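Each chain carries a letter (A, B and C) given by its place in the written order, and its residues are counted from 1.
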Amino acid sequence: MKKKVISALLCAAVAGSMLAGCGAQQAAAPAAEPAAAPAATEAAAPAAEPAATEEAAAEEAAPAGDEGKVLNIYCWNEEFKSRITDHYPGYEEVDGTHGKMGDVDVVWNITPSDDNAYQNNLDETLLKQESAAADDKIDLFLVEADYALKYVDTDYAMALKDLGITDADVSDQYEYTQKIVTDSNGNLKGSSWQACSAGLIYNREAAKEIIGSDDPADVQAAVADWSKYKETAAKAAEKGYTMCSVNDTYRTYSNNVSGKWVQDGKIVIDPNMENWVNDSMELVEKKAENTYDLWGDDWAKGKKPEGKIFCYFGPAWFFNFCLDADQDGTIANQGGWGFCEGPQAYYWGGTWICAATGTDNASLVKDIILTMTTDKAVLKEIATADADCVNSKSVLADLAGSDDGNLDLLGGQNPYAELAKGAEGIDLSNLSPYDQGCNEEFQASMKNYFEGNASKDDALAQFYKAVEEKYTGLSH
Amino acid sequence: MEEKKGVSIGLRRVIAYIVLILISFFCLIWFYILIINATRSNSELSSGFTPVPSTHLVENWTNLVKGTLPIVNGMINSVLIAALTALLCVYFSTMTAYAIHAYEFKAKKAMFTFILAVMMIPTQVTVLGFLQLIDKMHMTDTFWPLILPSIAAPITFFYLKQYMDSTLSISLVEAARIDGAGEFRIFNTIVLPLMKPAIAVQAIFTFVTSWNNYFVPALVIQSDKKKTLPILIAQLRSADWLKFDMGQVYVMIAFSIFPVIIVYLLLSKYIVGGVALGGVKE
Amino acid sequence: MKKRSNVVKYNRWGYIFLIPFVVVYVIFQLVPLVTTVGNSFFENYRSGLMQVGPNWIGLENYKSIFSTPDLWQYFGNTMIMWVMGFVPQILISLLLGAWFSDPTLRLKCQRFFKTVIYLPNLIMAAAFAMLFFTLFADTGPINSILMQIGVLDAPYSFMNHVWSVRTLVALMNLLMWFGNTTILLMAGMMGIDPSLFEAASVDGATATQTFFKITLPLLRPILIYVMITSLIGGLQMFDVPQILTSGTGDPMRSSMTLIMYLNKHLYSHNYGIGGALSVFLFVITGILSLVIFRFTDNRKAIK
């Protein structure tokens, strides 16, 4: 308690002396602990920082308070932990939720995402961040794209440039991965090691039957835009195939909207979302698409030839891990899938690292972000060891040009050129902090329409209702 | 007697057996499916249900144990929390019920009504206020907020009170008083033993509820070493795609059911024993 | 005089024995509860990480939840699914209880049957739901059996039809909770003096007579308990429909329960609406519980 009071007072003092400290940033608690010697060496922030004086001041303040003994990381599963354990130089695992980086103790706070528990927990802790003792402050937290803006567009996430990370440092990353974590003032506030651009994964046998060829270029021509896709779907239905589920195509439409879900406090349904509803209904009526939920037993049937599914929509991790190549009788096992870009560019998945404002380990945080998301050697290692599609243009280009990228389950095809091309084409200027709820509710509500349980208007009314319940204060 | 109605009793017996066997089937089939699923690999599981066991049980188990989840700790935590919760809950609920049942005092009626009213309040909303409270009390990431509140369990109290109404006679207590026993001793040595079947029932219910509770522990507990089994299962289910493995999830579910079954079998002997323990004869 | 003071002395223990309950209750439940009721008069929610309120708005939250017929629809859904599960549950429980306690029936393997019926309750609802999804999938075993025996021509989507979803919810609740009810009743029956049954059988009473004339009346307190707690549990029905419908209560919210609705508002930490809904639930539960009390009391009076 006493310690808390002291550190709070010190906070105030330091914040005051910083004058133009940027945002809610605090260099807390340094004096509460003995200032360690290495601080000086680590304080050597990039010299070529073309920042305004304000930021420079913040910069200098940060390393001065830079020797926190505990690094707190908030996440919802073990993915990032295993990446750090395997690829971050100098990380030693102590036990399931503790590790060491030099003198710093790393504490993993893992809360599962079921029932929104992860975000609830993170919210509560972030809201207390200011008053928390230095060793209890969150230093790093992870977010997913669907709700990234909820955190990024607040002062709780720190701008990377305040850590001393420059545009040049992240220039090899794909633009879309940065758009997702850029706040409304244009500050980049997070970074990812993954680029999950996705495409259309088709059943080669079915393609031969329906299109007459299983060559990726021919198939791409047959699904190049949504009207061609619908023509192909009609042919597929004649041959007894189902294209996929309406929920498979959803992300492709929702990534290519012309406006945000919420504009000036009003929920807006984008024309492209209308298209998804109309196209999907048309195809469901023709029995060319089904309405199965992703990951369910029915949806998974298409992994085998007798499931009679033409395609799945997915990124690299999808075909590496969700097509059950290890099991006898699956299409993947026989190398029977092919990959093409599909009707529109989109992405699916990925985890972003954000630095929490008030961190007492700024230089360590900076190093982690740089190493894990920009270091090409590390990224290459991640790509080959973990089959992640990494967020580096040059590493993906390497893979596209080498036989390392040839995949048995795709019949030897190398998908990395398509993946890289897709990643370039993704445009995510229309994200909003409400995307997670809107996307979930839109899919759920429209299912009632597709299934014939409601008219389109009733289904839309239910969508508005559900979103307004989730996000109090919105209207339509 | 029996000979007179032999036919009808025979027929009724046959019907009873058929119904009981059917019911048992519907109760046990789930365990069969769980065990079958625990023997299947992730990709086998995703291709739907089959009634034939596969060969991956040991593999799933080793993967689970080799993984970084502290399942043994989880087991110990779950046992500790559920056992203490059940113990405190039944002991103090019996005490509360006894206070209302056996004594005459001014606030008695009011207190009884009040506790009943409390029972009708949904727990869902108070949970959030509850979390803020334990945070103020600096009990976050400890077992106390999971265990202590069970001392005030209106539903358990209500059952024990009702049970006392139908079985516990005051005359017995008065007899003990005449023998000079103190009130506290009477409660511990006479009332508690008499309530055994009811206590066993509520102990099982409380234990199982606490054992399967996910919502509150997930919000209270943060450090890995303190996590309970349902949190670990949820964590396993929200694993990243590299580690996602339903086979492990099913093995873990099967693993986490065993201790409850054992506790249930131990306590159920008080309930299902062939001979009625009998009430207190008036 | 002496006796009276003794009684007073004993009765002091009534208060003493209540202390643990009251202390724990006040700390862990009353404080959050008062906050809950208080919240219902405030605008108090979170938009992203931004806190709005609390601002005093009087009865606005109540007006807002009653402004549409939705609340009554969810109340209706809840009651329908509860009745669909509870009626068979109490009937089966009473039947089993009657059989197990019937001395003339002399069922073998009673221990086994009595033990088995509670087992489904040991499985977590989430795990149970996973099994239900697998079994009732379009391509799952239930559909393929029904198609093989010729009941269906094409797979039936259990999760996309109002009454099949409600039936599955009721079925899962039934499976999970009938053992619970049966055990409560059995424990109650074991408290009944065995000599009463003997006397009845000597008097030549049939099993049915014994059940209605002796068992049921003596079980009354436990039956009231079962009715009331099931009703409360039913009104607070949440986990099973929540998991089975992924929180949507679809088709078109026909299986959305009151607590699921409440839970939707907790997503944005809307304590205001949440508090108002809780108060509504509390009032409804109270009224229905009173009805049950009255009903059972009347029967006693008639007898």
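General observations
Operating definition for what follows: a residue touches a chain if its C-beta (ideal position, glycine included) is under 8 Å from a C-beta of that chain, and two chains touch if they have at least 3 such contacts.
As the structure is a prediction and not an experimental result, all values here were calculated from the model.
In terms of inter-chain touching, the protein chains here all touch one another pairwise. Using mean Cα coordinates as chain centres, the one most removed from chain C is A. Inter-chain spacing, taken between the CA centroids of chain A and chain C, is 41 Å. Chain geometry summary: the mean Cα position of chain B and that of chain C are 15 Å apart.
Residue positions of chain B touching 2 or more other chains, listed in rising order: 48-49, 214, 234. The set of chain A residues that touch two or more partner chains comprises 297, 301. Counting partners per residue, chain C has 134, 137, 139-140 as the residues that reach two or more other chains. Residue ranges of chain C in contact with chain A, taken from their complex: 45-52, 70, 133-134, 137-140, 157, 160-162, 246, 248, 250-253, 261, 264-265, 267-268, 270, 273.
Those residues of chain A whose C-beta lies close enough to touch chain B in the complex are 76-79, 81-82, 95-97, 108-115, 117, 120-121, 124, 297, 300-301, 303-304, 317-318, 321-322, 324, 326-327, 330, 349, 351, 386-387.
Interface residues of chain C, counted against chain B in their complex, comprise 7, 10-18, 20-22, 24-25, 27-29, 31-33, 35-36, 39, 92, 95-96, 99, 101, 104-107, 110-128, 131, 134-135, 137, 139-141, 175, 179-180, 183-184, 186-195, 201, 204, 207, 218-222, 224-225, 228-229, 232, 235-236, 238, 259, 262-263, 266, 269, 271, 274-275, 277-278, 281-282, 285-286, 289. Within the complex formed with chain C, the residues of chain B that make contact are 1-2, 5, 9, 12-13, 16-17, 19-20, 23-24, 26-28, 30-31, 33-34, 37, 48-49, 51, 92-93, 95-96, 98-100, 102-105, 107-108, 111, 115-130, 132-133, 145, 148-149, 151-152, 155, 157-159, 162-163, 165-167, 177, 183-184, 187, 197-198, 200-201, 204-205, 208, 212, 214, 230, 233-234, 253, 257, 260-261, 264-265, 268, 271-274, 276-279, 281-282. By the touch criterion given at the top, residues 41-44, 46-49, 68-70, 131, 135, 214-215, 218-219, 222-225, 231, 234-235, 237-244 of chain B touch chain A in their complex.
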